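What follows is chain A paired twice: with chain B in the first complex and chain C in the second.
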Partner chain A sequence: MQWVQILVLGLLLGGVYAMMASGLTLLFGVMRVVNLAHAAFILLAAYVTYTLFENLAMDPMVSLVVTMPLMFGLGVALYLILFPRLEASPRYVEMTVLLTFGLALIVEGMLTFVFTGIFRSVRPVYSSTAINLGEIFMPTSQFYASTISFGLLMVLWAVLRFTKTGTAIRATMQNRSAAQIVGVNVRRVSAISFGIGMALAGAAGSLLSFMFPFFPARHWQWVALLLALIVLGGMGSIKGAVIGALLLAIASAFVTDLFGPTWSPITFYLTLFLILMLKPEGLFGAKVRL
Partner chain B sequence: MPLLEVDNVVVGYGAGPDILTGLSLNIEEGTSYCIVGPNGAGKSTLLRCIAGFLPPRVGEVRLDGARMNGSRPDQMLAAGVCLVPQDASLFAGLTVKENLVMGGYLIEDRSLLHERLETVYETFPVLAERKTQHAGTLSGGEQQMVTLGRALMIEPRMVMIDEPSLGLAPMIADQIFEKITGFKDLGITVVLVEQNAVKGLETVDWGLVLDLGSLEFEGPADGILADPRIRDLYLGKAMTPREGA
Partner chain C sequence: MAVVERRGDLVEEAPGRQPGSRSRRVALILSLALVLLFPAIAYPVFDSYAYVLQMGMLILMWIAMSSSWNIIGGFAGYISLGHGLFYAVGGYSAGLALAHWGISPFLFLPFAGLAAMAAGFVAGLITLRTRGPAFIVATIAMLFLGLLTFDNWEFIGGTSGLDLPLFQFPIEFLKVPFYYAMAVTAIGAVYLSYRVAHSKFGLGLRAISQDETKAEVAGINTRWYKVWAFALSAIFIGMAGSIYGYSLTHLRPLTFFAIAVAARMVLAAIIGGRGTVAGPVIGAILIIGVNEVAVRQMGESAINIVFTGLILVVTLLFFPEGIVGSLRKSRRLPAFLDWD
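Coming up: the complex of A and B.
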């Protein structure tokens, strides 16, 4: 039964990865922007959660109602201030990579200034308990985090599928110029998508805060992992990001079991290299020319 | 009052040079136009400017006498000005029907959307046959039909069509031109850009000759076709009927 246990642990982690990766891939799909600051913003939300927990004793899962709208607003504002002026640039993609790299450094610097570089973690009562289902055990924190992540993914799916804005987002992901031709205001759609991606980053930050200890420079490790997830799934495909996240999380759980936790990160980077060499468009991605 | 006035417009891309260098022309409601001229004359740029994709650096675009400078493409579309661009800009992964429905993105009323869909199927019976097929799997001519049908979804006042015959076999191109002629009967003002100048001018009422970013000459289309001086000066090889055309 040990492999079932590993599978369950992989799935639990995969749920959270899937939510983080879908925010990142949504941004890429709509705007063709690889947001290198995505994990930095996740950390920012984790520190907001930490502050609320330490000062107001707010449960980290409750703090989602703070971090998600906060990050949505920040995302829309950042987009409107920073990105439209780059649109006319013939080096748009390079510019946005530099821009988001700069944003990551700024967020990291500010977090280090305010919270210093030491490890922090949020420890609600459920962070050290486990749920036992027969022989299978699940850390309570991971079970909660994963359930919320899958719930938010369902909400994202419903928004994209059933709302007018969702239709506009999907149309823009498919073909930006065609969307413009039929009357989609792509700047508005981009701003909203940036906001949604950031809101998902906010939720991820709140959930990660009680799953793993964190420090300001931790985001480089996370963003590398996220890039591996969305490259595997196919950049710009949300379905791909979710499946890629689940696959890699399960794979790394098995690698950890077989070779020890030291080897777990290699799962992601090795997959990244292999995918880039063998099938650069990923499992579900369209071939993209930049 | 003309439907659309382009008044002394200067336009260029990014920080690049001026493509249109002070162009003025009027589009009257209910008349069909074909813009001809050599490569690089600014034909497509003019259409993109009118549709709100490129703001004029100087000058004005007026619709019903109202200044439209700075309007976004979706606002121009809502005002009834529709662009059918050169690269069949379809949603390749969506079905024909879904593409047409996307054409009615600005329509809020669902029953009206359905009504329009039926009208488009009547105008383009081939689209009704293909409605569940993915647009990316259609032939070039059928894809062009989808873009034209999609443009009809909002019942525009004016449709600007950029190079509809590009890459199509002459027989297929003829079918497309026939549909475009039909637009006029639907009360839609047509502005056509066409590299096959003979075909284009035969399709419309009025010819506009562009060169070096400004309007060189305009007049009744049949007059331009008959005038050897204009043929030699501005239309050059494009006027030699192609094999089979």
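Coming up: the complex of A and C.
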């Protein structure tokens, strides 16, 4: 029974991880950008949620309505300001990694300046309750967060599958220059994808705010975790990101149970390390080698 | 295309280098003299002698760090964000030698370098199986694995750290030996960088950074070139870590593994000019100088992180070749800075 319990907890966490990672993998798929600032933006949204909760008593799940459009706009703006300049660079990929590294430092510094480095968390009523199903219990906050995450993933899937823009995004992911040839406005698609990725980061931040305590420098650990997920799944594959997230969340839940919580992060870093060494294309990655 | 043309210029310029060599030699002797005589010059001039020497030591340390990082990150074009690991290996190996065997870190200095080099060699063998962004991600994972290991390693003190005995020296001049040890490290690092830049090995690394496949076809054993570049880049970072750690008298994993440490090495090298010998030196002086002025003026360290990030972003967008690279491109690089 204990195994089932761990599995359930792992799955709940995995759902949230999957949504966090989907934005990151989307950006890589469309633009070949490894966004080291993704978790910093997640934390930015978490702090926005925190501010709304503290000042207006807005429920963190409601504040998704604020964080998602906000981050979408920020994403489109950042893309338009920063990336067209780099596109011609012969070292595009490397430059974008360094650029997002710089962005992460800027966001981290500003958050530390405004909110200081101490731990924060958003504590709505449901943050300390649990749902019991027979012998299995689920923290209410994780259950809600996981449900919303899976919902958003379904929406993302539907957008990519059924809308014209979604088709253009998928075409760009498959082959950028071919998409351009058949008339896809690649720059527009990239801007929108950056916006969607950031909107997902915004949603992730709102959900994270009531699941885990956070402080500005925490985002490095989060981004390492998210990179592990998407590298395992295959960078640029959203399906891969979801499966990688579920697998690793469950694995780390078991590691926590067996060796204690200090060693749970090692599941992610070791996986990241090993996958990059042994099978860099990941489980579901396209033939693109990084 | 631009890169190819630039490289073409470089080759053309090479024979015509003689005119600048005199001013370069003068600059070299002057700056060496300044570094070595600084503690003597500063003593009568500054009231806060210890502070000034500490600043000098920090500038020398970051010169050593970014010049070393530049060997793999600049010449070979493999951006590593994990070099904090070697900083830690140097710091902790010297710290343990002092705490357990009573060996002074000043004597242990070369061995701290060797330990870091060995760590760099092994880490290079593993991480350099990847390329491009995957390499960057792998080095981040390496950094976090290292931090986690050091944090949970009882023998070296875990998260609570390792206390070192104080260095017995007249308190007024306490910083002087640290300064000189760091000066030796920095001079060594710049010399190594210069030697690499002017060797067949360095040429091979540059070829790798241009186009690895072509370099391989041209007969360069790219794998060993990269692994050796990685190992060499760790040496002086380890030595800098050992001295810096000793000057703190208390070693904590996060002091060495903080991502800000890695960020600063990268930043100094990029601002100065990646892949040049003079670039990281200038970058380090600028970064530490600006940082210190900012801290003294505003006393706010969080804003510093913002500045670090902003400078990095602006440099990448507007002059990605850095100061030395951009000046050279527009042929305005003063001869005394042209160390390549």
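Just so it is clear, the second predicted complex is superposed on the first by the 288 of 290 C-alpha atoms of A that agree within 3 Å, B and C clash if a C-alpha of one lies under 4 Å from a C-alpha of the other, contacts with A are read in each partner's own complex, and residues count from 1 in each chain.
Quick note on the criterion: a residue touches a chain if its C-beta (ideal position, glycine included) is under 8 Å from a C-beta of that chain, and two chains touch if they have at least 3 such contacts.
As the structure is a prediction and not an experimental result, all values here were calculated from the model.
Enquirer: Which partner chains sit in contact with A:V159 here, chain B, chain C, both or neither? Use first/second/both/neither.
Expert: After superposing on A, A:V159 lies clear of both chain B and chain C.
Enquirer: Of the two partner chains, chain B (first) and chain C (second), which one does A:V182 touch, if any: first, second, both, or neither?
Expert: In the superposition, A:V182 touches chain B alone.
Enquirer: Looking at chain A, does chain B or chain C touch a larger number of its residues?
Expert: C
Enquirer: Does chain B (first) or chain C (second) touch A:M277, or do both, or does neither?
Expert: A:M277 contacts chain C only, not chain B.
Enquirer: Which holds for A:P90: it touches chain B only (first), chain C only (second), both, or neither?
Expert: After superposition on chain A, A:P90 lies in contact with both partners, chain B and chain C.
Enquirer: So, does A:Q174 touch the first partner chain B, the second partner chain C, both, or neither?
Expert: first
Enquirer: Please indicate which partner A:L82 is in contact with in the superposed arrangement: first for chain B, second for chain C, both, or neither.
Expert: second
Enquirer: Should A:W220 be classified as contacting the first partner (chain B), the second (chain C), both, or neither?
Expert: second
Enquirer: In the superposed arrangement, which partner chain does A:M110 touch: chain B (first), chain C (second), both, or neither?
Expert: A:M110 sits against chain C, while chain B stays out of touch.
Enquirer: Would you mind listing the overlap between the chain B footprint and the chain C footprint on chain A?
Expert: Residues 89-90 of chain A touch both chain B and chain C.
Enquirer: In the complex of these two chains, what residues of chain A are touching chain B?
Expert: 88-90, 167-168, 171, 174-175, 177-185, 187, 286
Enquirer: Where on chain A is chain C touching in the complex?
Expert: Listed in rising order, the residues are 34, 36, 82, 85-86, 89-91, 93-95, 97-99, 101-110, 112-113, 117, 220-221, 223-224, 227-228, 231, 262-263, 265-266, 269-270, 272-273, 276-277, 280, 289-290.
Enquirer: Please output the residues of chain B touching chain A within their complex, sorted ascending.
Expert: Listed in rising order, the residues are 14, 53, 72-74, 77-78, 83-85, 87, 89-94, 102-103, 105-106, 150, 154.
Enquirer: Can you list the chain C residues touching chain A in their complex?
Expert: Within the complex, chain C contacts chain A at residues 2-3, 77, 79, 81, 126-127, 129-134, 136-138, 140-142, 144-145, 148, 151-152, 259, 263, 266, 270, 300, 302-313, 316-317, 320.
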